[in-house]
Structures are given as C-alpha cells and as structure tokens.
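Read from first to last, the chains carry the letters A, B and C; within each, the first residue is number 1.
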Amino acid sequence: MSETLGSKALVFEGVCKTFGETVALWQVSFALGPGEIVALTGGNGAGKSTLLRVAAFLLKPTSGRVLVFGQLRPTPDVKRRIGLLAHASFLYEDLSAEENLRFYAALYALGREAEERIARVLQEVGAEDFRHRPVRTLSHGMRKRVSLARAVLSDPDLLLLDEPFSGLDVASVERTRALIVEWRRRGKALLVTTHQTELLEGIADGELVLDRGRVRSWRAPASCRSAVSPPVMERA
Amino acid sequence: MRSEWTFPRWWFGLVGITAVALVLGVLHALWFAPTERTMGTVQRIFYYHVSSAWTAFVAFFLNFLACIAYLKTRRPKWDAVAVSAAEVGVVFGTVNLITGPIWAKPVWGIWWTWDARLTSTLVMWLLYVSYLLLRQFAAEQPSQRVWAAAFGIFAFVDVPIVYLSIRLWRTQHPGPVIAGGEQSGIDPRMFLALHVCFLAFLLLFVVLFYWRYRLEGQRAELAELRARLHRLHLERSV
Amino acid sequence: MSYWTTAMRIVAKDLLSEARTREMTNAVLFFALLVLVLFSFSFQPASDEERRLASGVLWIAFLFAGVSVLDRSFLRERVNDCLDALRLTPASASALFLGKCVANVLFLLLAAVILVPLFLVFFDLSFRGDVGAWLLVLGLGMWALVVNGTFFAAMTTNVRSRELLLPLLLLPISVPALIAVVEATAVALLGEGAMRVWIQVLIAFDAIYTTLALLLFETVVEGT
C-alpha cells in the first residue's frame, strides 16, 4: 500500500480536525493521483473548505496524516507544487492583477521566467484585458480569474479549488470547466469543491461527499481504487 | 484523566507548614526584629514589601521557563504552569505595589517616587498584566497558548533590561530612593526577619500556584469531557 | 530567492500599495499632528526642564503614529486573507517578517520627516546638541518600536480588541527603549548630557529583540 501512496498527489489517512468542541473533519480518508479530478461535495458546513486548508498545510490535522506527494511536512519544494484557490481572493486590492502576480512570482522564486509565466496564466484565465487595473476596480468574476491565475502561477502539480464556479456567469463557468479539464490533461491532480454537483458531471474521476465533517460516500478515481477506503457513514 | 480531584496528602502538609511559616514571619516582622531607628514601626512593612517583590520575580521566572518548555514540547501542562505562575505572580506584585506607597507616605511624605526598584516592579507588573490580558482576549483562539508563551518570553527578557535602563535614568536624574533593601550593615535580626518572611511567601506561592494549576487541569478535563459528549451526540444523530 | 530579496519584495509591495492610496500616511500624519498641536496648548518650553518635557511629547506623537502604522500594515494583509497566501508560498516566514518591519520603519521615518520640523516649529526649539547622533537614536528607537510592534501585530491579527491589545502589549515591553529615546532626544535638544549610554541601550535592545522576534516569528504565525 505504501508504494501506491507515495505516487499519489494527495492522501488523507484518518484525518480529524477539531476546533475545541467543534468537529470540522472526522476520520476522513481518500486519495488523489496525478491527472485526476476529485469532486468534493456536501452541504454548507460540511467541512469542504477546512479539508482544502488542511490539504494546503494551512491547518494541521488534530489526528491522522496528510501526505502531499509523499511528504508529511510543508517543505518549500512541496509548497511550490500546491496551488490553492480559496473563498478569499488572496489579492492586494490596491495593486493591479499584474503587480499581484509579480509579487507572488517573486515569493515562489520563479526568477527569470516570471514575466513569461505571468503572461501565460493571465491569457489562460482570460484576464489579459484588465491586467493593469487595480484589483479593487474589478468585478467578482474578474477577481476570480485573477485568483485562479495566482493559484496556477507556480505551475503546481496539485490544485485545490474551493468553489471555483461560485458567482460566475455561464460563459465563465464554461471557461473554468475547460481549464480544469486542460489542467488534468497536463497531469495535474485537482480537488475541486462545489455544491453544484452537476457542473463536474462527466469531468470528475472520483467524488468525495462530506456530511458534517464525515465521509458520506467516496468514489475513488481509477488509480486509487484499492489504496484507501475510509469508514463510510451509514444512514440510519 | 483523573476520576477524582482530591488534593494529594502532601499538599495538606504543605499548607500546614506554610501556615506555620506565615505565623513565624509575622512574629519576626512585628516582634523579633528591632524597630528601625529613623522610620519607626511602619518600616516593618518592608519585610512584606521586599518579600512579595522577590516572590513575584520567582513566579515570573517560573513562567518564563514554562513558556520555553511549552514552545518546545507543546504539552498543555506547561501552559498550565505558565498561566498559574503568572496569575499568582501578579497577585504578589500587587501586594508589592500597594505596600510600597503605604511605607513611603509616612516615612518620606510622598506616595510614590520613580525610584529604580519600585518603578521596575511596576513595569514588571504591567508586563504580566498584559500577558494575562492577551490570554483573556485571545481565549477562543487555538493559537492562544503559543502567543502567550512567546509574549511571556519577551516579557521576562525585558525585566533585567527595564531595571538597568531605569537605574541608568535614575543615575542621571537622581531622586529619593524608597525601597532601600541594600542598607549596608543591616541588623542581623532584620536580615533574619526578611528571609523568614520571604520563605513564608515562597511557600504561600507554592500553595496558591498548585491550587491554580490544579484548576487548569480540571478545566482541561471538563473541556475534554464536553468535547467527547458532543462527538457522541453527533455520532448518535447520524 | 534569497532571504533579503524576499524581504525587499514585501517592502516594495507595501510601498507601492501605500503610494497608490496614501491612506495610511494621511491618517498617521494627521493623528500625530493632532497630538503635537494639543500639547502645544499646554505648554511652550522655555526652560531646560521644559525642553526635556518636549522630548517626551515628540515621542508620544511617534507612539501614536507607530501604533497606527502597525495596525494598518496588517490590515492590508488581513483583507482577502493575504496572510494565508503568504504562508502558502515557500518564502521563509522570518524574511516576510523582516520585510514588514523594514516597510513599517520606512513609513515611520517618512512621518518623522514631517513631524520633527513641525515639532521644532510648534515648540520653538532647536537641536543644540549632536544632530547626527540623534538621527541614529531616531532610527534605533523606531526599529525598537517596529520590531516588537510588527511581531505583536502579526500575532494578534485575528484577536478581538486588537487595537487595544497591541499598545497594551507593546508599551510595557518598550519601556527601556522609550526611556532611552526620550532621554537622548532631551540631550540633543539641550546640548548637554551623555547620549552614548542611551545609544548603547538602544543597540542592545534592538539586537536582543530582533533576534528573539526572528526566532519566534515562524512559531507564532504557524497554523494550528
């Protein structure tokens, strides 16, 4: 089991996360391999955002293990391979999209290829037209695109997307779906949250459904079929 | 997880010894020690004034060690030691700050003067009150213990620097000295009285500290039980 | 990317952000100016004793300015959760901290450029002593406030009553530095007395707390 786990992009083994009395995640286990998309669904308060934050090493699990590319600790190399799109935009309001990306490019140590990558991701997400405008002047949809650009800036192998479709119009939703498929084609592993399950229909290789922090159902993607099986809740 | 919270046997012994020591302290301070030549009877408060300052310092030193231990090991018991030491230390610090003016007014005619030692203990007291306020305001945050431990380290490192800088300031701007503990040629009976009082206060500190530390343990156990109950409740409702 | 370059990147970002809005400089300057004006109602220093008092007034104004700068510095990171984004990057946390400190000191020094001349004008004072040495004191004193202030501001960024808690934590810790800068400023204004000992106190204070802050920063902003 361990050699299969090592090749996975993201593995959760019995992860629990509690905040004092509140249980955000309880005994969550699943795995995600490169070139796969797992849809993470569940109602409000199910723990989807918490799960993504734990996967990004922003939170430490109360118990259980999280492995990203076989690593338990967030070393700089591992961090470079993780991209997170959260509810918050992670953007500085007074700077332009371009300036924001340049700043993050420096922190991700992209060096000489920074400008090229910035241009490429802006084009990919369709944010070129407003790259010079301060973020505070951008609409919700535009900001989401810039945030997405920020998430893929370092060309991460693991993409964690929290509600990438929320608040977007039909055309933007389509564009985002196309991007997700394209990134999978390039070999990235994607964990995508949404409560609009129909948007990932036909795209997702696997699905993890959470209910109040517990795994309600888990359909593993092809590579992970035999690897991990979490305790699944039984409805009374 | 303890199923009972009765005090251990040795604690009652300690309380007894402390009571005896406190009585001894009173006897020495108010009776055995001679009356000071110039200041008269009111000088006797000096034994409590200085003892409480030293005890507070010991308490804060314990807090410092516990903060370091907590940051290294992250074991909650060190955090419990830290907060208990700080709280009891602030109590002794308060005693020190109150007895200072009580002594100063009849003897020197002024309630307060920014004399080096008194001012340093005031700043030290402020530091640890701030420490306790930080804990209170950040109480719901999971990182609260880490932050408190960091501040506890910052605070204790400051104590000697504060003292030195105030001393320096005072040498440049001399003023009346109140808490003059270093009187050369102190009468041996006064010396004895001071140290008996200090010992009594130290024992009292240990008693209060342990009591408070136990309270932390009880709180932690209560929180753990509540969390368990909550989780069981959730499991049931599924 | 080297440690120092990372820090400078943060400085550049903060300066750029501030240049766009000038929100912080306006608020800070106004606040500090208000303090100076209000104090000038209560006294006009004529005697040496009063010159010494004026030194204290200047540093109260700087304290107000400093706390404002620190507050806003992290407000910018809090909006849109940028602090989390910074934690996601492979950049070292202490480099980010250093960058924030440098940016904050620059903002304070900028405020000083305006406040000090105004102070001299309002109170009809001049530096009779060694101005060069005093400028060193100014820099060291501001670093002392900023290094601890940035540390505590980062720590308490999500705590309630943060605006109250920050000065409560910062001021007692800064007492030695405050004594040193007020005394040294008085020496510079009066043109007599020793500044050297206070410079030494400040250097020691800055060295100790910068080391301590760099050591512990990662620990206090780590996720739970």
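Some points to look at:
Quick note on the criterion: a residue touches a chain if its C-beta (ideal position, glycine included) is under 8 Å from a C-beta of that chain, and two chains touch if they have at least 3 such contacts.
Small disclaimer: the values here were computed from a predicted structure and weren't measured.
The chain with its Cα centre farthest from the Cα centre of chain C is A. The central chain here, found by comparing per-chain C-alpha centres with the mean of all protein C-alpha atoms, is C. Comparing chain pairs A-B and A-C by the number of C-beta pairs in contact, the larger count belongs to A-C. Rounded to whole angstrom units, the spacing between the C-alpha centres of chain B and chain C is 31.
Between chain A and chain B, the centres computed from C-alpha atoms are 50 Å apart. Chain geometry summary: the mean Cα position of chain A and that of chain C are 39 Å apart.
For chain B, residues touching at least two other chains, in rising order: 142. In chain C, the residues that reach two or more other chains under the touch definition are 224. Touching chain A in their complex are the following residues of chain B: 140, 142, 223, 226-227, 230-231, 234, 238.
Taken together, the chain B residues at the contact with chain C in this complex read 71, 123, 126-127, 130, 133-134, 137-138, 141-143, 146-147, 150-151, 153-155, 157-158, 161-162, 164-166, 168-169, 172.
The touching residues of chain C, when paired with chain A in their complex, are 1, 5-6, 9, 13, 16-17, 20-21, 76, 79-82, 84-91, 223-224.
Here chain A touches chain C in the complex through residues 53, 56-60, 76-77, 79-80, 82, 84, 86, 88-95, 99, 103-104, 106-109, 111, 134, 150, going by the rule given at the top.
By the touch criterion stated above, chain C contacts chain B in their complex at residues 148, 151-152, 155-156, 158-161, 165, 168-169, 172-173, 175-176, 179-180, 183, 193-194, 197-198, 201, 204-205, 208-209, 212, 216, 219-220, 222, 224.
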